[in-house]
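Please see the structure below; I have some questions.
Each chain gets a letter, A, B, C, D, E, F and G, in the order it is written, and its residues are counted from 1.
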Amino acid sequence: MLENLFVGIADWLRSLLGGLGTPVEINEAIVMLVKLVAILVFILINALWLVYMERKVAAYMQARIGPNRVGPKGLLQTTADIGKLISKEIVIPGKADKVVFLLAPVLIFVPTLMVFAVIPFGKNMAAIDMNIGVFYLLAIASLSTLFFWMGGWASNSKYSLIGSMRVVAQMVSYELPLVLGLLGVIMIAGSLKMSDIIAAQEHTWFIFTQPIAFLIYFTAAVAETNRCPFDLVEGESEIIAGPYTEYGGMAFAMFFLAEYANIMVICAMATIMFLGGWHAPFGLDFIPSWVWFFLKMYALIFVVMQLRWTYPRIRVDQLMGFSWKVLVPLALANIFITGIGMKIYQAIGW
Amino acid sequence: MPAISLTHYVVLSALLFSIGLFGVLTKRNAVAVLICIELMLNAVNINLVAFSKYVTPTDFIGQIFSIFVITVAAAEVGVGLAIIIAIYRNRLSVNLDDFDWLKW
Amino acid sequence: MKEKIAPVEEIKQKFGYIEVDEQKAVNVPAGKLLEFMQALKDEYELDFLTNLTAVDYPEENKFEVVYNLTSTTKAYGLMVRTGVDRENPVLPSVFPIWGGANWQEREVYDLMGIVFTGHPNLKRILLDDKFEGHPLRKDFQWEGGRE
Amino acid sequence: MFGQGLIKGLQITWKEFWAKKFTVQYPEEQHPVPERFHGKFVLDVDKCIACGLCANACPNKVITIEKQKVGKKQYMTGYIMNIQYCLFCGLCVESCNKDALHYSKDFNMNQYFYRDIPLVLVKREAPAEPEEEEQPAAKAEARPKAKPQAKAEKPAEPAANSEVAAGKVPGKEGE
Amino acid sequence: MLRTQEYFLNFGPQHPSTHGVFQIILTLDGERIVKAEPVCGYLHRGIEKLAESRTYTQVIPYTDRMDYLAAMLQNLGYVQAVEKLMGIEVPERAEYLRIISGELSRLASHLLATGVYALDIGGFTGFLLCFRERERVMDLLEELTGSRMTLSYARIGGVADDAPEGWLDKVKKLMDDMPGYIDEYNGLITGNEIFQARTKFVGQLTPETAINYSLSGPVLRASGVNYDLRKVRPYGIYDRFDFEVPLGENGDCFDRFYCRVREMQQSVRIIQQAIEQIKEVDGPVIAKVPKVLKPPKSDVYHEIESAKGIIGYYVVSDGSNKPYRVHVRRPSFINLGYLDEMLRGYLIADVVAILGSIDIVLGEVDC
Amino acid sequence: MLVEFAMQHAWLVPLLPALAFVIIVFLTRPFRKLSAIVAVGSMAVACFFATLAAYGIFTNHEYIEKPLVYATRWFSLGLPGMPDLRVDVGVQLDPVSAMMLFMVSFIATFIFLYSIGYMEGDPGYSVFFSYLSLFGASMLLLVISSNLLQMFVAWELVGLCSYLLIGFFTHKISAREAAKKAFVTCRIADFGLLLGLLALQIVFGTLNLTELAEKIEHFEEYTTFGMLTLIAVLVFIGPIGKSGQFPLHVWLPDAMEGPTPVSALIHAATMVVAGVYLVGRTMFLFHEVPSAMQLVAVTGGFTALFAATIAITQREIKRILAYSTVSQLGYMMLALGVGSLTASMFHLWTHAFFKALMFLGAGSVLHALHHKADVWEMGGLYKKMPITTWTFVIGGLAIAGIPPFAGFWSKDEILVAALNGGHYVLFAMAAFTAFLTAFYMWRMIFLAFFGEENPANHPHESPWTMTLPLVVLSVGAIGAGWLGTPWYNIWGEWIKFGHPHHGPVNYGAMLLSIVLAAAGIYLAYMLYLKDAKKKRARKMAEWFGPVYRMLYNKYYIDELYLWFNHALVDGTARLFYLFDIYVVDGIVNGIGAFARLSGDGLRVFQSGRIQNYVLIFFLGVLAVAVLMAFTGPSAASLVLGGVK
Amino acid sequence: METSIYSVIAFYGLAITILGNATLVVFARNIVHSVLFLAVTFIAMGGLFLLLDADFLAAVQVLVYAGAVCIMVVFGIMLIQRADMKATNQFNRQIFAGGGLVALVVAMCAVFAGRTAWTELVAAQEVPAGTVQFIGELLLSKYVIPFEVAALLLLVALIGAIVIARDEEVKANAGD
């Protein structure tokens, strides 16, 4: 029952609308709209929660207890922060490119939200199960670079400029190992469709068949989201806050939240591609599939956070070198080995 | 309202191509010329895909061709920008009117 | 507290123009400063310029620039003083001998107003470039403090 | 092998994640304040003889002692510390021969208005008439900020100190 | 790395990793530094001028305000200079208390330097863990002196107060715990490959350069120059303790950082020995000195090994009760003198790494 | 057995230094000491082989009569005019070449050794040794050649090495100029030699020495006497240049800019005598042409006197030695000219020892005085540099012709040969030259080594690598002449042209030469040592003012050449220059101008702006499209040139 | 063939977006704005491809054009930035000549488009769903050589761009 909670709600909505006698297309459109709004709300709440979680995790690792005043155990801290930030003025620097400056924080959420359209949170729980799902996701995700850059560029500040240079260089260079890391999985699954990939992991998760690919993907993904140890886009000890230096108030909060939404995307993606998606391990399928999905996703998010609060930041030349000299060759080797392995597998014909 | 036919796409493509051509002919900034060339290439892609859909829907030749076009476009932008940057470093200008060394 | 001081007597014998006082500190005429310092570094391994500062003596109409040298190999030190005319406070820079004089001479220039010729970048370091006067001089007057 | 340090770091943060937290929830819990804490100043007015040693010892000219001559005797009408300039070095407390000036453990000296910042330890009117000796001097006087227990007992002291209070008037800022 | 036109970047004065109000005007080519012009003086308070209108004792609190992270060492240098000027013998117990509090100050300063360096490189957790221990050190100092940072504990002729009851045991306990903590920092910060990649072979200083530019403290010793005043010219009673001087090999940022970490271990050793020895010493903690100090007309220069390097006091007396001139050789100030040459050719991120490894405190730089 | 091996493999002797050259250049150049060791070692081994070979030759009489030739075909081709051109390459061992082989390798070994000390600290140390090795190889190849063309190749190689070594101190302008001068002067001479060789080849069809010797004996079968005379004169031009005979001697003094070992080796002992050697080798040719012999004799005699007079006034130590060399070379030529190969070769042999010795001694002095060359600024060196001084004195005695030193015997031999040949004028010139030689040599010795010490100098004795060769060579300078005393002339048994002739011992000539030498030395002593202030010398110079100046300026021959060069060569060149500018360039420029004018017309369309081109391009595209649209594809392809 | 009203609306919407943004690309004063408009054009083009049943191509369009080409251009602009970005994208002197030519081109295209009988060309088939598989198979079988050549081209362009844009290393004391 719990398993089909969300699917059931959608069906119920359809039947309700069907009872109203409106045309099917409009019904579908309404259902789609509801789905998207639900995802939107879900993402935003999750982002808020993740901010809180990050602060708590950080605090616990640093021998302190973190937010604890607003709400029980400080749960409403982020909400309060958002309230504060909303009430603040967004200061537009004098020489900024005003339109672009204001557009960037708005647009930064767009690719993230669009990506969520194809992510299956549970059995039959994708808004759209697209034929080229993975590819779509990568294509859309690559857009966010531009929006980061817009923010940094439009601020017309040197720190922002350096930050946007770094953002562009970093995200472009890490996209390659990211895609190459996923290729191994796609080769084995033989499909770009998310549901196919998850179905292919019913018995063995790809993390076991593709461990190197997982590491490559995870590293590159952490870098894609500008998280520590690859957070030199906003490396606060060097360039203040990179592209966000001149942003304040809600505009800054948008960037901030988008970062957490992006973490969710990469962790969800890793869950889908490597951790078997919503498949339950050890046959524990009495727990609903979406619970499993979120469990895996949050475990990964925790790892991302722990990485951030453990490691120092690497330098920009090391960052580039790491991508081009380590990850990309490794990923290519992995693809090669995967191809050979598949051939052998087919030849043996297990 | 008439259904969308091949003509629509051809006209759209022609208009886009013309806009791109206008940019190529009249922009002073080398980077602007480069991106206008991209517009022209996109116009070509529209044609290719539209013909592919309407004329040979099962062969995908047009689509494959436009994939190659995109590839070439990406390469072209990369090399073009590199050249522009190299020129800029020597001349501190990206103004095409300044680039008249072809003239002796 | 045992003070280890460089062989002053020997130095005195070698360089007739210096004066040694009871603290075994050395007074050098400004004209011979660079030559003497170079000799100290080369021959007595006083390779470490710990301190460089100046004192204002308006009654005697002079600034006294004080150099404290130590040796990283011999573990002894030496204080060298030299007097500068207060009206025309110009002294050769010891930057070519000890790079450590770089900022210290700038500081002395900034606060005491002694000009070190030959310094590569002699400009104010602690105070604002537009500041007038040199505050560590005894006759410096400044309005705007508390009360 | 490369990566050992990385894994070791993760182990440490993981361990710390579960370790005891050091946070002290301030208003509810408090660190014990040590005996010698340099907090807010307290003046035992009855012990004070307004000698001015503390004002002299102060490197930053924080202490202002106001005295008024009542008849033949000096009478301290005010002991004000411009606490915003205080270095909390403790030289004034050390210099006090009569053990009148103390630190308290109260560290909260913030004020809403700037004009409230000076720490007024004594502020009182001088008696109108030169009173006879042994008269409880300032008992009736308005002492708005002084500690109540200070004025309650020891009536004899203020009279006595007026003879001794010959120390220099706090020097002006010379430079 | 692609080249751009050279442009300026104001690194500071309001910047998270300049350790205070310090400014570096960077001339950049892409992210590479072509020229760096340090600008200091934002915290200049004229302490040397102020000292001329204070009595000898009254100068002590001002010395606190220079290197406020290791205030006791600043006090110590000054009072020892004045004692040298006047020829005052300091009681034994006071000497031990000076050593203990001084080394605790050094510990606090190095803990901060270690933690902040981790923060500079980007690791926040190391920073807070170091602060956790620094808090304990400062609690101890507070218990001893009443203040946490600006101690004003030393007095001419001794120290302000004897140690309170049970304090030495608390110090001993902390000292027993310290090695474990230091291991934790080494695991979290020092041993981290990313940290090493960021700091090794960055900002290398040859021993010759370091000596020539009068650099001191861990910056000098990281270049392999064995020059620690506590060993070379022991002042106070440092000759009674057995400790080593940690030296670096490459003179790079990592060595400077790691020198501090190892110096903490040596400080712990010194404090442990001092606690053992102080038990046998009893007596006053301050010598008999006149109320009004009037040193003979003379001048003196005295230098000690502070946490940041060699701090030296040049005191001139004209026979009155106020010093005629006080000059402080501030290690942070002089260590910064070579910054420009050190930074050239490195990236912006290395600016932070190099500046952090020099471990400056702006109160001292600007005086 | 070893001797036989050495004789059969005499080609090893030049090969070893050549190998050393290759090794130094390609392998050991970065290692200075190793380079030196390789060079000296290879030369020492070569010397060893040469000694064995010479021993073999001189102990087997058959070889003295008939040369030992090992030859192989170098190349053969048919040319118009020379239908079957065959050139052999090989070694020819006979007493002359064996003597030379031994002498060259022996002296070279010690000079190499000397160079180790002398060149210490020079940045081009290894390069120097590689050049030296190459020189040694070339010189030995020259000596051992069985073929004149092969010899010519070696001759040119020697010239090249001389050029490289004179200009070795490339940082000195004078050295570079001197090298150029030497090279150009020698090339002028070599041109004559080459012409001569060509004529020989054309006329006799071979250049092999043995074959030529046979054929020239019967030259009437091939050519006329006039032609033979011409050939002889042409061939003699080469030695004039190389051996510094009168008109082309100018390069030799200037060549002293090179390092002193080079001067000693090349410009005193070995290379410069190559000319003498060549004439000696081709004696069969000159023998047939008396007028050519006359020319040789007169040239030699005149050069000897002429150079000696110049040497009197020179001040630089190496320059004096250089002119003395020229003078002594003239002696050798003179001896050849009067027909005595024996005397010539004997003087060559002794001269090599004492002149090398003196050059090395001079080098030692220069080394000690940091290249202060003026003899007037020296003085009293004997106190500080005993070995150098006394070996130098031995050299001076030898060259002056004081018995029993080597020079006496050989010079006496020449004088006797001239007298016996009936050339009385030449004899007188030679005798006067002997007097002058003694005078200027001892002038130099007295000035440089004795007398008052110059306080500005701080001389010191040279290292053993430099003094050892001095000592060894001084032994040679004493004893080398004992091979050919008039009483027992074993030299004449070995080295001879035709039959050895034993005249009676001419005591008169012997006495005359001793007296002349002693008089020269005494005059020098009076003028330069006895008279401490050298007043008399100065007065003499004033007295002979114009003569002195002329001598001091070497008869203005260099200036003459310069003027000649300036007037004639430059004048002709100016003419050609004008022709080039107005006629040749005029044609070329005319063609260019046509192209440029037509280009100017078309240039209007070339704005350089790419967008302009795009515009024009698209206009064209449009035109073609319109054409296609309204006329069909065929017309368009007509325009575009496409295939229908 | 397309009968759905949505597709008509979508086509016109996308066409207007494309043309409008393309015009803005050409007429924007600030080169940065030009590039941003270009990105919008590209994304809309992706939509147009979706409309043309080329979903893979649409993703490629967004990935390559919007995600890579635009970024590259943007990076290039950063390297050649100027103080007055507002006047970085101006017209040159041949604006009228160019305009005239473009008008001619448009006219010619209009004539041709009008004269051609497009409907005769149109095939009566639908595009099969899931184009990826077909394109993939074609690329790796029939068109494998052009595919490889394209890969080579990209490699050459990559290396070429690096070689052209690279500068001499700055003399630095950094050891990287």
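Keep this in mind: contacts are C-beta pairs under 8 Å (C-beta built on N, C-alpha and C of every residue); 3 or more make two chains touch, one makes a residue touch a chain.
Keep in mind the model is a prediction, meaning the values are calculated, not measured.
A.B. asks: Enter the minimum step count from chain B to chain F; a value of 1 means the two chains touch.
C.D. replies: 1
A.B. asks: Through how few touching steps can chain A be joined to chain B?
C.D. replies: 2
A.B. asks: From the Cα centroids, identify the chain that ends up most central relative to all protein Cα atoms.
C.D. replies: The most central chain here turns out to be E.
A.B. asks: Computing the C-alpha centre of each chain, which chain sits at the greatest distance from chain F?
C.D. replies: So the farthest one, by centre of C-alpha atoms, is D.
A.B. asks: Measuring from the mean C-alpha position of chain C to the mean C-alpha position of chain D, what distance in angstrom results?
C.D. replies: 43
A.B. asks: Centroid from C-alpha atoms only, then distance chain C to chain F, rounded to Å. What do you get?
C.D. replies: Using C-alpha averages as centres, the distance is 68 Å.
A.B. asks: Based only on mean CA positions, could you tell me how far chain A sits from chain D in angstrom?
C.D. replies: 58
A.B. asks: Could you put a whole-Å number on the gap between the CA centroids of chain D and chain F?
C.D. replies: 106
A.B. asks: For chain C, which residues are shared contacts with two or more other chains?
C.D. replies: In chain C, nothing touches at least two other chains.
A.B. asks: Would you give the residues of chain G that are in contact with at least 2 other chains, written as numbers and ranges?
C.D. replies: Within chain G, the residues that touch at least two other chains are 56, 60, 68, 75, 78-79, 92, 94, 97-98, 101, 105, 165, 167.
A.B. asks: Which residues belonging to chain F are in contact with no fewer than two other chains?
C.D. replies: Residues 611, 615, 618.
A.B. asks: Under the touch definition given earlier, write down the residues of chain F that touch chain G in their complex.
C.D. replies: By the definition above, chain F touches chain G via 611-612, 615, 618-619, 622, 625-626, 629.
A.B. asks: Taking the complex as given, what residues does chain E use to touch chain A?
C.D. replies: So the residues of chain E in touch with chain A come to 1, 7-10, 15-17, 31, 118-126, 128-129, 132, 188-189, 192, 194-195, 197-198, 347-352.
A.B. asks: Help me check something: in the complex, which residues belonging to chain C touch chain E?
C.D. replies: Contacts found on chain C: 1-2, 4, 23, 25, 47-51, 53, 55-56, 66, 68, 72, 75, 77, 79, 98-104, 107, 111, 124-128, 135-136, 140.
A.B. asks: Could you list, by residue number, the parts of chain E that touch chain D in their complex?
C.D. replies: 53-54, 57-62, 64-65, 125, 129, 132, 135, 139, 142-147, 150, 152, 160-161, 164, 184, 187-188, 191-196
A.B. asks: Would you mind writing out the residues of chain E in touch with chain C in their complex?
C.D. replies: 40-41, 44, 46, 48-49, 80, 84, 209, 211-216, 225, 227, 232-233, 235-236, 298-301, 303, 310, 312, 314, 316, 324-325, 327, 329, 333-334, 336-338, 366-367
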